[in-house]
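Chain IDs A, B, C and D follow the sequence of writing; residue 1 opens each chain.
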Amino acid sequence: MELGLVGLGKMGGNMRERIRRAGHTVIGYDRNPDLADVHSLEELVGKLKGPRVVWVMVPAGAATQSTIDELAELLEPGDVVVDGGNSRWTDDEKHAEELAAKGIGFVDCGVSGGVWGLENGYALMYGGDAENVAKVQPIFDALKPEGDLGSVHAGKVGAGHFAKMVHNGIEYAMMQAYAEGWELLEKVDSVTDVREVFRSWQEGTVIRSWLLDLAVNALDEDEHLEQLRGYAQDSGEGRWTVEAAIDHAVPLPAITASLFARFASRQEDSPQMKMIAALRNQFGGHAVEKK
Amino acid sequence: MELGLVGLGKMGGNMRERIRRAGHTVIGYDRNPDLADVHSLEELVGKLKGPRVVWVMVPAGAATQSTIDELAELLEPGDVVVDGGNSRWTDDEKHAEELAAKGIGFVDCGVSGGVWGLENGYALMYGGDAENVAKVQPIFDALKPEGDLGSVHAGKVGAGHFAKMVHNGIEYAMMQAYAEGWELLEKVDSVTDVREVFRSWQEGTVIRSWLLDLAVNALDEDEHLEQLRGYAQDSGEGRWTVEAAIDHAVPLPAITASLFARFASRQEDSPQMKMIAALRNQFGGHAVEKK
Amino acid sequence: MELGLVGLGKMGGNMRERIRRAGHTVIGYDRNPDLADVHSLEELVGKLKGPRVVWVMVPAGAATQSTIDELAELLEPGDVVVDGGNSRWTDDEKHAEELAAKGIGFVDCGVSGGVWGLENGYALMYGGDAENVAKVQPIFDALKPEGDLGSVHAGKVGAGHFAKMVHNGIEYAMMQAYAEGWELLEKVDSVTDVREVFRSWQEGTVIRSWLLDLAVNALDEDEHLEQLRGYAQDSGEGRWTVEAAIDHAVPLPAITASLFARFASRQEDSPQMKMIAALRNQFGGHAVEKK
Amino acid sequence: MELGLVGLGKMGGNMRERIRRAGHTVIGYDRNPDLADVHSLEELVGKLKGPRVVWVMVPAGAATQSTIDELAELLEPGDVVVDGGNSRWTDDEKHAEELAAKGIGFVDCGVSGGVWGLENGYALMYGGDAENVAKVQPIFDALKPEGDLGSVHAGKVGAGHFAKMVHNGIEYAMMQAYAEGWELLEKVDSVTDVREVFRSWQEGTVIRSWLLDLAVNALDEDEHLEQLRGYAQDSGEGRWTVEAAIDHAVPLPAITASLFARFASRQEDSPQMKMIAALRNQFGGHAVEKK
C-alpha cells in the first residue's frame, strides 16, 4: 500500500526504510529537504491515492498539533491520520475529534524500538476504531517484529499512547532496579567482578531480560562506567505515568522513585538537602559544608 | 565425580536429579528417610571418597548452622563444604572460619531457578578460594544452564550469597515495576485488553524479559487475577539487600519501595494509616471510618 | 468594612463569625437559604457599597467557576473578588484574566485552620497585585491569628493557592512521619507505653509540633486507635503538589510516599500485589492466597 | 544527690552544668584532663558514695562498651549505670546482662536537646526496671524541661534508646518534608518571597513546629541558603530505625526516603545514575554526558 510519512528523523527515517523493505510505497515529508521525498504536506497529500493513510512522526506537542491541523485541511473523508509520536494520551481524543469533524479517521500508536527497530522491528501499541485500524494494518504488520507478538490493538483512541506511556514507566523502574543492584555490588569488597556477575545473570535467573543484556553491553564497553556522568534525562512518558496514577489514585512507588532519581541526578546541588543541612546546624550545631 | 548432598526438598531433590543426569554420583541425605539415600550425615561422609565435596541445601539459619557444625566434626582436611542455601552473606565468613580451623574448605553458592531449574539449569553465583571452587566445578557445570552464561565465580567467600541476594533485590523491583504498570492499565477505560498489551510487549520492546513472559502466563490463567489475594510474602534476601545498602550508604529507593509494598500487603489494617485518619479528624473534623 | 461572603459551610460560616467579631459587616450568601443573609448573588452585590470585596468560599472546580462567572457579570470596575477556596493554582490566572477583562480585581487566598480557626485565627497565604490585596487587607487582618505571623502576601496571582498547596504537601509528610514512628513503636515489646512516649515528646524534643499535640489528643481518646480503620482520604492539594513537583523536576520522595500510602489505604485488595503474588507463584511455585 | 558523669564533650559538659544548677553534685570524668574533675574512672567511683549512679555519655559502640566493661569491674552491687549515649537499642540488653552478673543495675536513656538543652532542658526517654530508674530519677528531673512533659519511662531495658531512635527517624522525615516544600516553592516564579511564606506558617497552620521555627532562623541567616552545600550526614539512628522496621515488617516509606536522600546528597556522582545513562544510550542512542 501507499503511506504518507511526516517526520523523517532518526525514528521516522528508519521506519520508512523498514516499511519500504516490506514492499510498500512510502512518500516522506520532512522540514529538512535533504530528507524529504516531497516539498510540502500539500504535495504529499496530492501524491497519495485515497483513502489515504498519513503517519505523523514528529515531536509531541506543538509540532504534532500543527501537523494535524494542516492535515485536517488537506485530507478528505475516509482518510486516516496515525499519530506515531510520543504524544500524551490526553491529546489523542482532541485530535480524533478535530479530524472526525472532517470525516477523517484517527489512530494513535505508541512505538518502541529505538535504534534497534529497523532490524528487529518496532513494538507497536495502537488505539482507535477497528475500521480505521484496519486501513493501517499493513503498515503495522510491516513495522512490527516477526512473529505473533510485538503489536497490539490496545483499545479506543488514546489507548495506544497510554499503553506506550505505561511501558516507559515500567522501563524506568526496571532500569532503576538494575542500577541500584549494580551500585550495591560495586560497593562490596567481596564481590570482585561485578561485570561477570551481571553477565552470568543472562541465563537461568529470574531477572534475565533484554535490558540486562544491554547492561552487559555497556559494562563491556566501560567496566565501571567511569566515562559517564550519573546524569539522566527523562522524557514525558515517565512524568505522565505518575500523573495518570495520581488521577486514578494508584500508588506507584517504584516507578515514581525512578523518576525522582533522574530529577535528582540533574541537580548540581540539591536545594532540599541545603535545607536539611541548615536544620541540622540549627538544632544540633552540626557542621555544615560551606561552598 | 561424587557429591554428598544434604537436603532433598523441592530444590535439593531436583538438583540431585539434574546432577545425576550429568553423569555424577550423588549421595543424598535428608531428615525425611523417604527422600534420603543414607540414614545420617555420618553414613553420607563415610560413603564418599576423599577429597569429599558436601553440598548443604537446607534452610538458612539454625538448620544450616547445625549441619555445618556436624560436618566440621565428620569431614577431613582437604574436603569442601558448599552452602547452596539462602544464607545471609554475613554467615559465610563465620562458616568458612569454622571449617578452616579443621582444614576444610568452604564455598558459598547462591542458586536461582525455582521450579524451572531441573530442565533449564540453575543460575549459580559462588564465592570462595579458587582451589576450593575448582573441586566443586564439575557440579557447578552440571547444574548451570547450557551455554557460557548462568554461573559465575563472583569473588571471595560471601560473594556468592551477596550476588544472589542482590539478584533477588533486583527481582523485587522488576516485579513491582510490572505490577504497578498492570494496575494502572487495568484502571483506565480506554485500554480494553490489558492482557493483550502485556502479551504484545514480549517482542520488540525495551521491557521484554522472562518475568514478563511469566506475567503473561499468569494472565492467561486468570485474566484479571481475580482468584488471588493481593498478599505477598518476602524472603530474607529482599530485607538483607536493603540492610546491606544501608551499611554502605547506597540509596535504594525502588527496591525498598518494593519490599515495603509487600509488608503493607500483609497487613489487614494499617496502623500508620489509623494515625493519619486520627490526625485528619483532630485538625479538620474530617470524618473517619470506624470499625 | 463591608464584605460579601459566598459560601457559608463549615469553613465559611466560622469565618463570617470571626470577621464579624472584628467589627466588620459581612453579608453572606449560600445556596442553603437557612444559612444565607441574602437570597441571591445579585442581592448580595446590590447591598454592598463600592468598591466591593466579595470572598468566594465554595468548593474548588465547577462551583467556584460558576460563582466567578456570575460575579464577573454583576460586579463593577474596581471591585475585587477573593477566591478563598481550595482552587488549584493553575485556575487562578484564568480567573484573574476573566475578571480583569471587566476591570475587576482578583486575589487568591489559601486558608488553613480547620475547626480551630474560629478561635485561633486562620493562617492565610494570598497572591495578587498590591492594589487589590490592599482592598482586602482589613479582612485578612480579622481572619489571621493574633500577632505578626500567620498571614503572608506570597506573591503574584496564584501564589496564595500555591503556597497553601505546598503547606498541605508538607502536612502530608509530617503526618506520615509521626504515623510511621507510632506504628513501629507499637510493634516493639520493650516499649510498654507508646502514648506516654508521644506525650513526653511535646517538650524539649526536635519533633515537637502542633500535629504532635493532636496525636496525643487522639491517643488520649483511643490509646491504640482501635476504633478507627486505617483508611485516609486525600484532598486535591497533595496530588497537585506532586504534579507541580513533576512540572519543575523537583524530587519529592517523602511527600509522594505519603500520598501513595493514602491511596493504598483505600484499596480493599491491592491489584499490584496480586500481580506480585502471581509472579512469585509462576517462578517459584510459591503458595498464593486464594480468595 | 551525687552523680558520676563519664564523657564531658559538647553534650556531657552542658548536662553537667544543668545538673549542677539543680543542686546536685556531679563528678565528671573525661579522657581530656582539661575537662575532667578526676583522673580516672577508678577515682570517680572512689569518690562516690554508694549506691552510686554513673551516667555514661560517650560515643556509641567501642567507647561505650569499654567504659561499661571497666565500670563492671569497679562498681558494686546496687549501683546503677545509665547509658545516655546514642547506643543502638540492641546493645542495651547485652550491657544490662553484663552488669546484672555483678549485681549492678542498668538504665538506657535517649537524650534529645542538642545545643538548646542547657537552657531549655533535655528530652529524656529511658528504659529499665522501676527500681533502677528510681535511683536515677532526681537526675532525670534535673535534666528534663520544666513542666510535666519532656521525659518518659518508656519501658524495659532498651526502650529508651528505641524511643529516641524512632524520635530521630521521625525527625528525618519532618525535616525532609519542609525541605521538599521549600525547594518546590523556590522553583516557582509566582511565589516571590518564600522566606516570608515560611515565617507566616509559624502561626495558625497545621505544620507549625519547632523545626519550622528553626527553618525560619536559617532563612533569616541566609535567605536562599546560598552559603551551604546540599550535603547531609546521617547518624546511626536513622539507619537503625529502618532496620528495626524491616525486622518488624513495618513499611516506612517517608522515613526511608529521607535517609536515602541523605545518602545521595553525599555522592559526588551517582553510580546508579551512570547505569541509567548507560542503558538509555544502549537502547535509544540517547546522548550521555561524558566526564
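Going forward, contacts are C-beta pairs under 8 Å (C-beta built on N, C-alpha and C of every residue); 3 or more make two chains touch, one makes a residue touch a chain.
Small disclaimer: the values here were computed from a predicted structure and weren't measured.
Under the contact definition, subunit B and subunit C share the contacting chains A, D. Interface subunit C/subunit D: over half of the residue numbers present appear on both copies, so the contact uses mostly the same residues. When you average the Cα atoms of each chain and compare centres, the chain farthest from subunit B turns out to be C.
The distance from the centre of subunit C to the centre of subunit D, each centre being the mean of the chain's C-alpha atoms, comes to 33 Å.
Centre-to-centre separation of subunit B and subunit D, using mean CA positions: 37 Å. In subunit B, 114, 176, 178, 180, 183, 206, 211, 250-253, 257, 260-261, 264, 272, 283 are the positions where the chain touches two or more neighbouring chains simultaneously. Across the interface of their complex, subunit B is touched by residues 10, 114-116, 175-176, 178-180, 182-183, 186, 211, 214-215, 217-219, 222, 225-233, 253, 261-262, 264-265, 267, 269-286, 288-291 of subunit C. Residues of subunit D touching subunit B in their complex: 206, 234, 239, 242-243, 246, 249-253, 256-257, 259-261, 263-264, 266, 272, 283. Partner subunit B is touched in their complex by these residues of subunit A: 89, 112-114, 117, 120-125, 127, 144-145, 147, 149-159, 162-163, 166-174, 176-178, 180-181, 183-185, 187-193, 196-197, 199-212, 241, 244-245, 248, 250-255, 257-258, 260-261.
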